[in-house]
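Every chain is named by a letter (A, B, C and D) in the order it is written, and numbering of its residues begins at 1.
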Amino acid sequence: MTVPAPLTGVVPPVCTPLTPDREVDVPSLVRLVDHLVAGGVDGLFVLGSTSEAAYLTDGQRRRVVETVVGHVGGQLPVLAGAIDMTTPRVLDHVRAVTAAGADAVVATAPFYTRTHPAEIARHYRLLAAGSPVPVLAYDLPASVHVKLPADLVLELAADGSVAGLKDSSGDLAAFRTVVTGARADTALSGFSVLTGSELVVDSAMALGADGAVPGLANVDPVGYVRLDRLCRAGDWDRARAEQERLCALFAMVGVGDTTRMGPSSSALGAFKAALHLRGVIACPATADPQVPLSEAETEQVGKYLAAVGLL
Amino acid sequence: MTVPAPLTGVVPPVCTPLTPDREVDVPSLVRLVDHLVAGGVDGLFVLGSTSEAAYLTDGQRRRVVETVVGHVGGQLPVLAGAIDMTTPRVLDHVRAVTAAGADAVVATAPFYTRTHPAEIARHYRLLAAGSPVPVLAYDLPASVHVKLPADLVLELAADGSVAGLKDSSGDLAAFRTVVTGARADTALSGFSVLTGSELVVDSAMALGADGAVPGLANVDPVGYVRLDRLCRAGDWDRARAEQERLCALFAMVGVGDTTRMGPSSSALGAFKAALHLRGVIACPATADPQVPLSEAETEQVGKYLAAVGLL
Amino acid sequence: MTVPAPLTGVVPPVCTPLTPDREVDVPSLVRLVDHLVAGGVDGLFVLGSTSEAAYLTDGQRRRVVETVVGHVGGQLPVLAGAIDMTTPRVLDHVRAVTAAGADAVVATAPFYTRTHPAEIARHYRLLAAGSPVPVLAYDLPASVHVKLPADLVLELAADGSVAGLKDSSGDLAAFRTVVTGARADTALSGFSVLTGSELVVDSAMALGADGAVPGLANVDPVGYVRLDRLCRAGDWDRARAEQERLCALFAMVGVGDTTRMGPSSSALGAFKAALHLRGVIACPATADPQVPLSEAETEQVGKYLAAVGLL
Amino acid sequence: MTVPAPLTGVVPPVCTPLTPDREVDVPSLVRLVDHLVAGGVDGLFVLGSTSEAAYLTDGQRRRVVETVVGHVGGQLPVLAGAIDMTTPRVLDHVRAVTAAGADAVVATAPFYTRTHPAEIARHYRLLAAGSPVPVLAYDLPASVHVKLPADLVLELAADGSVAGLKDSSGDLAAFRTVVTGARADTALSGFSVLTGSELVVDSAMALGADGAVPGLANVDPVGYVRLDRLCRAGDWDRARAEQERLCALFAMVGVGDTTRMGPSSSALGAFKAALHLRGVIACPATADPQVPLSEAETEQVGKYLAAVGLL
C-alpha cells in the first residue's frame, strides 16, 4: 500500500518475539501484530531498534518483514528499518525489505565509520535514488553517535530525499525546529514528523508532531492510541494524565541490575517480559549477547503492569 | 593455513580497490596483495576498517576474501574482519569469511546497541564457540564507542575465547597492560598483541607488542617491514628514524578539506590516491557516501609520497 | 528576601554587560535589570552561564551581585550562580554571593574532576549544610559533562538539600520525571522545577514546570512573560504561537561563523548585540577569549529582532 | 629562578596533604617536598590535577605555593597550575601564583564553556601577554573535554605564547607530532615537551620527550628518577623493567570500589594512602566531596607498596 503523506498517529516499533533458541517466533509475532492492530494503531514499524534489528540476521529480518506484511499488508502501512553502517549496505537491506513488501524504509545516518554532514546528505540522496518506496530518516544519536541536524533534515525533505523523520534523539527543541520548519513550507505538507520518545508524546503532539513511534506501545497499544486521540482532540489535561500513566509504566525499562547487564538488555527484556506476562508472546527471550532478566526482575515487570491495570 | 601463535610482524589491513562504479576491482586487489607480499609483510588482514569493510556489501566482502585467499592462501595467514553490530550478525560473517578461506577472524565489541562489559564477554565467548578459526578482538573505540577493558581482554585470553588483540584505541598505556599481563601468564604465550597505530609502532614493539596492523603499510609496506625488523633487532635509533619517516608520510591523511568531508573520506581517499599514484591500483575511488578528494588534494598526496622518496 | 517556595514564572539569567575593556558596565547592568523588571519577570538569576559567570573574575562576580541586589533587592528574588569545580570552591562563592545579598544560590555538580553519583550527592549535601540560603541544582551537561540523574535530584529534594532544579539538559523526558516525582510527594510542594530551555517553555509548563530561566528573555522579557501567563491560563494555542515567535527569535544564536568562533561566542554575542541594538546596554562586548561578532553578523541579529517586531 | 629551557627530567605534580578537617597540612607538605627532592626530582609542579587543584580554595592554593616556594625556591623550578575556566579567571590565578613565587604557570584550554580552536589560541596568547613567567599548556581532555590539537600547540610554541606542553591526553601519537614538530624547528629548541602519563614514560622519552610529570612519582620519586636516567642513558631494557615495576605499582589507583566512588577518589585516595603508609604525610584525607578509601582498600594500597619493595 502507499504510505499516507503525512503518516500520522501511533506506529509502534514492533518487538521481534524469539523462540528459546533465538529464532523468530512467527506465531508470536503474528499474535503481537494482532494485539497492536486490535489496539488501534495506525501503522507498524518493523526492524527498528525496539525490534532488535541490530541483533537479527539477514534471514531473520526477511522473515519478520514477510510475516508482518503477509499478515496485515494492505490494511496498515508497514515501515521497515534498513539498519546498517553505510549506503551500499543499507541499500541491500532496502532491496530486501521492499522485496518482502515493506511500504517504506527507515534509515539512520552512517555509523561505525566517522562521518560528516555532507556525507550524511549524500547517503540519504543515494538511498532515495535507490529505493522504490519512501525513505524516512531515523535520528538515534544514542546508537549512531551523530545527531541529524535539523537544517539538514529540512534540506533533505525539501529536495524529496526523505519523506519523514523518526526522532529518537530526546532533543525536543531540535525536533520542534523540524516540525515548524516543515509546516512553514507548503511543499512539505506530506512530510511526516514522528517522535520516538515514549515519555513526551503529548508534548510532541502539542507542538505539531504527526505521530509517535513508541516502543512501549508494544505493551500498551491502547494507551498510546488513546493518548494520540486525546492530543488530536486538544484535550490536553486528559492527554497529560494518560501520558503520565504511560510514563509510570515505562519505568519498567530500569528493572535490570546495571552491574549485570546494559540498558538494552534491561529495556528490551522488560518489554518482552511484559508481552509474555500479558500472554501475547510465547517466550520473553532477547537476542544474544543480551543478558536475560532474572526471575525477580521479571516479577518487577509484573508489578509495573499491575500498577496501571494491565495484569 | 594455521595462524602462527602468536602472530607477529606486519599484517596490513588491506585496502579494497574499487572500480569507478564502486565494485571490487579484483585485478587491482591482486596487484595490491602482490605489492604487500613483495614488501615482506607477515600476514594480511582483509575487511578491516582500512578495507572499508563498513561500506562493502556482503557480496563484495565475500569477493574480497575469496580473491585474497585464492591468490596467497597458504603462503601467508589471511585474517578477515567480521564487522557487524551484534553476535548473531557477526557469526553470519564468520561463517561467510571462513567458508571463503579466512585463517582467522577479527571482531569488535557490539556496537550501535548500547552494551555492557558482561555482554561484551558473552559476545566473544559465543563467537569463539561458533567460529572454526581463532577470533581476535578488535579494539576500535572511534567506531564502536566503547573501549575494550584490558582486564576483560586478558580474561577472554585466559579462557581461550580470543587468540589475540588488534588495538586501534590509541591508548598505549592500556595496550601495555594487556601486553605485560599476557606475558606474565605462560598459558598465554600464543596470544598475539598487535597495535593498529601507524605512528607508534616502535613504541608498541619496544614495550613488547607482537606486531602491527598499520593502514599506511598499504602505501609503504617496505617501510613498515623495515621498521619491524629494526625493532626486533633492538636497533631503536634507526627504528625511530624509520618511524618518523612513516609519520611524515602518514600526515597525508589530513589532505581532505574538513568543510567538505569527514576523516574517513580524507584518510582512505589519501591511501587510495597514493596507491593509484604509485601505480598499484587502477582507480582511487572510495565507497559511498564518502566524498572523493579533489585534484588539488590528490596532488598533495603526491607531494607526501615524493617527500619520502616513494614517487 | 525569602525566595518563594516554589519559585515560579520567568527568572531570566541576567547577561553581564561589559565595557570595551571587559569590566562590568554597572550602568548598563542597572538598565538591563530595569528592562527585565519592566518586562514583568518574576525573579533574576545572576552569574549563570548566560551571565558569562565562567568568564567573570571573583571581583566582577561580586560587583554583579552587589549591583543587582542593591538595585532590586527586596522587590524580586535574586538567585546567584556559585559556579566552580568542587565543593570547597563552590562554598567560597556561596559565601561571597550571599554576603552580597543573594537570596538563593544555584550550583552544578562537580566538573573538571571526574566524579560519581555518590560524590554528587555529597557535594549537594555539603553545600546545603554550608549555605545560609536555599540551594538550587543546576543541570547543565553541556558544561559539566554529567547529567544529574532524576532519582538523585528527587532524593536530594526529599532530604532538603536542594530547593529546586534549573534544568538546562535539553532532556524533557528526564525533566518530566522530576516534575511528576516532586508533585507526587506532598512534602515537596515547595520544590521549584524550572526549565532552562528557551525553545520548549510551553511544553515544560504543560507538563507541570514551575517556571523558566530562558537566556533569550534578556532580549525579550515581555515575550517570555506573556508566554508564561498564557501557559498558566491554559491557553495552549496562543502559548504555542508565542513560543514559536520566540523560537524564530532564538535562531539568532547561530549568526556566528563556525569556522571563526564557538557556540558560546555566537550565542552570547548575539544576545548582547541584540541588547545593544535595542538600546539597553552600551557595548556588546563579550568576555575573553570569546571572539566578537563581525559587523555583518551583528546586522543579522538586527534582522532577527526586526522580524519579530523588536526593532 | 628561571625555568630551564627546555625543562627536562622528572617534575612530579605534588600532592596536597590535608588535615582531617581538610585544611592544607603544611608540615606534611614540607615533608613531601623533602621526600621528592631527596628522590632526585628535577622540578616541582604544584596545583595540578594530582594536587587536587580543582578542590582547593584560592586561600589554600596560595598557601601551597608559598609553602613550596618558601621551602625549595631557587633550588628547583616550581611550576604552578592556574586552573580555572577561562582567560580572565586564569589570569587572576597567574597573578596569585607568581606573586607567591612560582617560576612558571601551567594552564589548560578553557573548560565548562563550549569553545573553539580560535578561542583556545586567543586564550593562550592573552595568558602569555599577562603572565610575568613562562606559560606551559596542559592537555587534559579527561577534564577539559577538548584535546589540544598538535598543530595549535606548535603554532603557539612558534609565536612564543607557550613555553612547553604537559600532555596528559594519553594519545602518544599526537604527543609525538608535537615532539618531532618542535625538534624540527631550531627556534623551538627551548620548548619543553613533558608527558603526564605514568605508564609510558619510557615510550615518551624514547621518541624524544624532555621529561615526565607523573602523579605516581609522589609515591616513588626514586623509581621515576631512575627510569628517567636509564632512558637518558639509552639503556632501554632496564628502563622498560623499571617502567613495568612502576606500572605494577600504579595499579593501586584502582583499589576504590566503583559502586561507591569515582576514579578521582580512588586514585588520589590511593596516592595519599601510600604516602601516609610510607610515613611521608600525616593524614591520607582527600578533599570534599571525594569519598575516602575504606580500611580494606587502604590495606590493598599497602600490598601494592610491599610488592615493589616500598613498605
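Here is the rule we use: a contact is a pair of C-beta atoms (placed from the backbone, for glycine too) under 8 Å apart; a residue touches a chain by one contact, two chains touch by 3 or more.
In this text the structure is predicted, and so the values were computed from the model without any measurement.
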item	value
Interface composition of copies chain A and chain B: same or different, split at half	same
Relative to chain C, chain with the most remote C-alpha centre	B
CA centroid of chain A to CA centroid of chain C, Å	35
Centre distance in Å when chain B and chain C are each reduced to the mean of their C-alpha atoms	49
Residues of chain B touching at least two other chains	none
Interchain contacts, given as pairs of chains that touch	A-B, A-C, B-D, C-D
Touching residues (chain side chain D, partner chain B) in the complex	170-173, 176-177, 180, 197-200, 202-203, 206-207, 234, 236, 240, 243-244, 247
Of chain C, residues touching chain D in the complex	22, 49, 54-58, 60, 83, 85-89, 92, 110-116, 118-120, 122-123, 126, 142-145, 258, 260-265, 287-291
